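Some notes on the structure that comes next.
Letters A, B, C and D mark the chains in the order given here, with residues in each chain numbered from 1 onward.
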Amino acid sequence: MQWASWSAFFNMGGYAFYVWFSFGLSLVCVILEVLALRKRRAQALRFARLLAQE
Amino acid sequence: MKINWFKYSSPQVFYPLAGKLIPWFAWLAAILALVGLYVSFMLAPTDFQQGEAYRIIFVHVPAAWMSMVIYIVMAAWAALGLALNARLSAMMAQALAPTGAIFTLLALVTGSLWGKPMWGAWWVWDARLTSELILLFLYLGFIALQSSIDDPRRADRAGALLALVGVVNVPIIYFSVKWWNTLHQGSSINMGAAPKMAATMLLGMLLMALAFWMYTVAVALMRVRCIMLERERNTDWVKELSLKTLSSQSIAGAK
Amino acid sequence: MIVLKRDLLLAFRRRSDVATTLFFFLIVSSLFPLGIGPEAAVLSSIAPGVLWVAALLAGMISLSRLFAADFADGSLEQMLIAPQPLALLVLAKISAHWIVCGLPVVLLAPLIGLQYALPNDALVVLVFSLLLGTPALSLIGAIGAALTLGVRGSGLLVALLVLPLYIPVLIFGAGAVAASQHGMSAQAHLSLLAACALLSLVLAPLATAAALRISVE
Amino acid sequence: MLIARNLTCLRGDRLLFKKVGFELSAGGLMYVLGENGSGKSSLLRLLCGLLAPEDGEVFWDGKSIKNDPENHQSNLTYIGHLNGLKDDLTALENLQFSARLVANVVDNGLALNALTATGVARCANLPVGVLSQGQKRRVALARLWLSTSQLWILDEPFAALDTASVVVLTTQLNQHMAKGGMAIITTHQDVDIQAQSTQTLRLIA
C-alpha cells in the first residue's frame, strides 16, 4: 500500500486538485454521455410511437 | 466456418443483438476500470520526478490512445460502408465519432491539468497536445459534415470519404507537428514515456485503456441503436418496438 | 484541357471575383502590422506565419466557387457523365482555380514581404514555398469543396473540414521561410512541402471525384 | 440495348419507386410518365449513372454501367432539368464546350447550324445570361443536333418551348429514332414521335 493514511491519499502529494479534477471530469463525461444517450433513445422511441399511432 | 455476416447487417436483426451485448460490455468496462483504478492508485509507486501528479497519466494516456484508435476504427467502418454499401457500417462510424471526440477532449484537458504543475503553464504547444487538438478538429469536422447533410445516404458516404481522407492525413499531420515542435523548442518532459516506468504503472495504463475500450463499445452500440430508431422510424419493426415499450413503460409508471 | 480553357475564360469574364481573393489577401496581411505595431524586428519575425496564414485563408474563401456555380447550373452533372476520367476533369478545374486564385497571391506575396521587412533571400524562399504549397492547398481544398456542395452553411463547414488538413503545408511552408530568415537552409522544408504537393496531386483529384459523385446524387 | 432490372430508389427516407424494370432496344422510345414527385427525374438520373440505385442494376450492351461506365457514357446524351449552360459564355461557346466534353470536335459551322435548327442563331454570340428561359432551353437542346450518341435521355424537353420549336424537336427525334437511336423522355405534353417501338412507363407516387 502506498499511502500512510486516507488524508494522504486524498491530498495526492499536494496535487489533489489536478489529479482529482482529471479523474472526476472523466467520470462526469462518462455519466453525461450515457444519460444523453438514454434520453436520445427515449425520444426516438416516442417519436416513432407518434408516427405509429397516426 | 461460414458466418452469414449479412444477416447481422440488417438493422432489424442487429438492434436486439446490440441490446443484449451492451450490458456485458458495460459491466466489463466497470470491472476493468475498478481494477485499473486500484492498480493506478494503490499499487503503482510514486514517481520520483513528478510526485503524485503523474497519476493523471492513468486517464490521460488511455484517453489519448482511445482517441486515435477510435478514429482509425471509425475510418475502417466508414471504408467498409463505402465499399459494400452497407448501412450498418456507416451507422457504426457515425456512432463512434462523438465518443472519440469526448476522449480527445478528455486527453486535452487532462493533459493541460498535468502540464500546469509540471510545466507551470496550462497550455504548452507540445507535440502530443497539439496533435490531439488537431485530432479534435478532425472529429468535429466529421460530426459537423454529417449533421449538416439531410439525406442519410449522402451523409454516410460523404462522412466516410472525409474519414478516409483524415486517416491518410493523420500520420502526415503528426509528423509535421513533431518536426515543427523539435525545431521550435528543445526536448521537453515527455509524459507517459518516462525512461524507467514501473511495470505496475504500465499495467495500470493498460487496464484503464481496456476499460475505456469496453466502454466505447458499449456506448457506440447504444448510439447505433438510437441512430437506427431515428432513421428507420417509418419501418414496421420500429413502430412495433415503440408500441411495445409504451406498454412496459406505462406499467412501470403505474407502480 | 478543354475544361481548363473554359474555366480560365469564365474567370476572365468575371475578373472582379479574382480581384476579391487578392484583395482579401492584401487586407488580411495589412491588418497584422496595424494590430501589432510597426517595429521591423517584430514584423519580420512573424512574417512567415502571417503571410502563409493569409495565403491559406485567401485560398480557402475562394474554394466555395470551385464547383458551386457548375453545380447550380447543371454543367457539373454533364461533366460527371462525360466519357472522360472524372479525376482528370477535376484536376483541370483545380488547375484553373489555382491559376486564378493561387498564382496571383504567390506573385503578390514578395511585395507584402517587403512591407514586413523580410530580407531578400527570405523573399525568394517565400515565393518558392508558396509556389509549391498553394497548389497543394487548392488540391486538398477541392475535396472539402466537393463534399460540402449544396449543403447548408457550406462556407463555414468547408473551413472546418479543410483547415486541419492544411496544417502540414502551413508548417513546412512557413518553416521554410523562417529557416532562411535564420540563415539556415530551407531545403528540408521545401522538399517536404514538395512531397505534400505531390501526394495531394496524386490522391486529391481521385478523392474529389468520388466526393462529387456522392454530392451530385 | 439498355436494360434496367429491379431498380429501387430512395430519397431521404422516402421510397420513390421499387422494382422498376424494362428493356429498350435500338429504335425504341420510352415515355416515363407520372405525377410530380413520383421519381421521374430520379429514374432518368439513375439511368445516366448520376444516381446509384438503392437496389437493382442498369445494363448497357450487357454490361452493368456501374462496372463499365465509359462505354455507356460515350453513347449517352442527357439533358436534364438544368440546362448546363454557363451564363458568362456565349451560346456558341457553350455548345462547343459541351460537344468537346464528349470528345466530338465541332467547328463553328456545325454548331451554328445546330443553333439555326432550334431557331436561336441570332443569339449565337450573346452571353447566355441575357437570354430568356425559352431561348436558353433551345440552346441546350441544340446539343441534340450535334450528338452522335445512340441513347438520348431527356427530362421534359418540350417544356418551355413554343409550338414551332415543339415541331422542330419532334422532327429531330423522329430522325434519331429512324437511325436506330433510343430515347427516354419525360413529358407532360402530348407529342407524336415515330419510333420502331414505343413503350410507356408509369410511375405511381
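A few points about this structure:
Operating definition for what follows: contacts are C-beta pairs under 8 Å (C-beta built on N, C-alpha and C of every residue); 3 or more make two chains touch, one makes a residue touch a chain.
Everything numeric in this text was worked out from a predicted model, so none of it was measured.
Ranking A-B and C-D by contacting C-beta pairs places A-B first.
Here the spacing of subunit A and subunit B, counted between their Cα centres, is 15 Å. Centroid to centroid, with C-alpha atoms defining each point, subunit C and subunit D lie 37 Å apart.
Once the centre of each chain is set as its mean CA position, subunit A and subunit D turn out to be 58 Å apart. Computed from the mean C-alpha positions, the centre of subunit A lies at a distance of 43 Å from the centre of subunit C. Shown for subunit D are the residues in touch with two or more other chains, namely 52.
Residues of subunit C in contact with at least two other chains: 217. Pairwise, the chains that make contact are A-B, B-C, B-D, C-D. Every residue of subunit B that touches subunit D in the complex is listed here, in rising order: 85, 150-153, 231-234. The touching residues of subunit D, when paired with subunit C in their complex, are 45, 48-52, 70, 73-74, 76, 78, 80-89, 93, 97-98, 100-103, 127.
Subunit B meets subunit A in the complex at residues 41-46, 51-53, 55-56, 59-60, 63, 98-99, 102, 105-106, 109-110, 113-114, 116-117, 215, 219, 222-223, 225-226, 229-230, 233-234, 238-243, 245-246. If you check the complex, the residues on subunit D that touch subunit B are 10-13, 52.
Residues 134, 137-138, 140-141, 144-145, 148-149, 151, 153-154, 157-158, 161-162, 164-166, 168-169, 172-173, 175-177, 179-180, 183 of subunit B touch subunit C in their complex.
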